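Shared between the two complexes below is chain A, which has chain B as its partner in the first and chain C in the second.
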Partner chain A sequence: MTGRGTSSRFLASVLRNGLGRYVCQLQRLSLVFSPASPSSRGARDYVEEKVVDFARSNPGIVVYVNPKDCRGPTVVAEYLNGTVREESIANRTVEDIAQLICKLASQSGLEIIRIRKPFHTNHPSIQGQWHPFTNKPSGLGLQTLHRVNQPGFPPPE
Partner chain B sequence: RGGAATSGVKRSGLPKDVTIARSVFGSRRKQEAEANAAPPEDAEPDLACPPPRSRRYVPPENLSRLLKARVRALAGPALAADWRHTPLRDLGLRYNLLAQLAAELGHTVPNSQLHQMRTAQDVLNFYSIPVKDASKFDELCAADLPPNLKITWEY
Partner chain C sequence: MPPPRPRWWLRRRGSAALPRPYLASPISASRSSCRSCSCRTAKPRTGIASSCLLLGPRARGASFPAGPSPLLLPSPRYSATSGSASSGCSGYGGGGLLATAGPGAAARNRLVVKTSLSSPPWPVFKLPDPVEETKYHTEVVQRVNEMIATGQYGRLFAVVHLASKQWKVTSEDLILMENFLPAECGDRIRLEKVLLVGADDFTLIGKPLLGKDLVRVEATVIEKTESWPKINMKFWKRHSYRKKKVVIQPQTVLRINSIEIFPCLS
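Up next is the complex of A and B:
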């Protein structure tokens, strides 16, 4: 367990999402863009063309469209576990923005950091983890020293 | 409101008829005051600038037939076999045709595009393009939005 510079976590899912039922983990999307600046062109076109279809196909996500003066167009994604991710969409095409928003919608809110192992299980062993007393006659550990010192020990198998 | 307050205060002292009369007069006075206040408020919008004319244009269903009839009526000897290829070289013909269409359909060919109107086909193409005057956001809001999409206007 080397302590590295960046943080890491184990593979996990939010409340076993996907097993049985799937709940979209994205709670709300806020699109902030300027109505006139050239860097918001992709954002404006996305709002014209694609955002209504996206909202219709994902009824569990609330989409806020805020045209206002801003430093650069951004999309802020808030997840059910409280994670907030802000991505800049300045100077990007409509397809790029659509792909990004699809990606945000399919993510859970878990942090995007190094995952220690690509697998995880709650039951790492079914029949029991091996230890040196497995497959040995039971009571072996309880032998008194007296018996141990008698001739004829250990008893023939 | 003053009349109602005073009638409320004096209700115990004076007989009922008088208090009712007071409240009626009070409300009448209020109505008169409102009526007097209304005309000056109405006068202001008249002085203000009226809203600009809507530039919306929707091509009518029978556009082709209409244009054909006009061209036939006006062209005379210049009529080609297919009315669409009728050249509009004659400035009188071009002016009359475009002026009549503008008056009828409420949509004028802008000056910058007059030189492009060489045949009746060009005129037909121009008049089949619809013009919307609502901004994209107005359209978006007027359209049927799903309940999870919220658009704000703070700019």
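Up next is the complex of A and C:
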């Protein structure tokens, strides 16, 4: 659909990530695959070769490996803000699965919908927001003051 | 005697047709031609009585040399043939004319009576003396350096050139780029192309960039995601023409951590 027909959000981060310390937003990664079915072949190869290195290089992510009967191999990613994302890895190569898991690890749990503005700031103006009287001489109100101070004001009714 | 032309007609012939002395410039003097009889001899615009004043089919007006009349506002094309020394081929009236004679007298030496058209409608600025200006500049630079050194500034903002766009950036704010950086999530990055840095009281403007020893803008890569699937669809009705393409862009989110300036202005 168009951007107008779908939901949208503003650019944000989870709990001011990056200000003090950067925290990886992926909390838990569960690989669910079948030990025998042909569609899980890529998943089985990934578990054999690459999952241990990934888990070692990302100590903040908890990796669960579940070989059980399932409808199709999936990877379930849970984030610190509670979002759960499930992606199918049926009939995928090892490199594809590795790329997908890297992508999931570098995302935050915020929804992937249209982002309205590519920037966000809490301090939009530092030198003062412009209004029509900035950079104008400040004598406009003085004229009325002169008139008030002269004798004969207020005029008799 | 033809009827005097209205002012909008004079405007059509270009600004030179209008009697405004502030529009006369010495540059155009060499290219002027005698206006009364439109001969091609180059005449300076000032104070010289022309010899071709009264001749030619276009000569209009009085053909006797009249004295300068201070209240006259002669329209140059049509009544320039008054024999006063300063009008004629000069093309400019602007009130009464008391000509300072002499060849090569510049237009600005002429004394012009103040009327509504004798001075330009825009305010006239006098440029300052260059020596004084340099003194003033050095003082300003010193003061700003002092302010930076003593830390008399609050929050800073910077204009930074990143991903072929310019962003106005302060600390603690977020930026989204529609591409991937080679840095990993959590890496600290220095943004080098800084065009402008400002605080509440002063601004440092680069031409076009500020030096790397002057400003330091640091950012952290927070997130590397993909955009939402944008649909690029074309459809023409009644022509069986439709195309659909789903576009997913890589995105990087940066958090600007700090902007620092150092007192090394000169």
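Note that the second predicted complex is superposed on the first by the 128 of 157 C-alpha atoms of A that agree within 3 Å, B and C clash if a C-alpha of one lies under 4 Å from a C-alpha of the other, contacts with A are read in each partner's own complex, and residues count from 1 in each chain.
Just so it is clear, a contact is a pair of C-beta atoms (placed from the backbone, for glycine too) under 8 Å apart; a residue touches a chain by one contact, two chains touch by 3 or more.
Worth saying up front: this structure is predicted, and the values here are computed from it rather than measured.
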Chain C versus chain B on the shared chain A, clash or fit after superposition: fit
Partner chain(s) touched by A:Q127 [first = chain B, second = chain C, both, neither]: second
First, second, both or neither for A:V75, with chain B first and chain C second: neither
Touched partner set for A:S108, first chain B, second chain C, both or neither: second
Larger contact residue set on chain A - chain B or chain C: C
Touched partner set for A:A90, first chain B, second chain C, both or neither: neither
Touched partner set for A:Y22, first chain B, second chain C, both or neither: second
Partner chain in contact with A:R56 - chain B first, chain C second, else both or neither: first
Partner chain in contact with A:P35 - chain B first, chain C second, else both or neither: first
Smallest separation of CA atoms, chain C relative to chain B, angstrom: 20
Set of chain A residues, in rising order, touched by both chain B and chain C: none
Complex contact set, residues of chain B against chain A: 136-137, 140, 143, 145-155
List of chain A residues in touch with chain B within their complex: 35, 44, 47-48, 51-52, 55-56, 58-69
Partner chain A, residues of chain C touching it in the complex: 154-157, 167, 169-170, 172-178, 184-186, 198-200, 203, 220, 222-228, 230-231, 253, 255, 257
In the complex with chain C, residue positions of chain A that touch it: 1-3, 6, 11-13, 16-19, 22, 24-25, 103, 105-108, 112-115, 118-123, 126-127
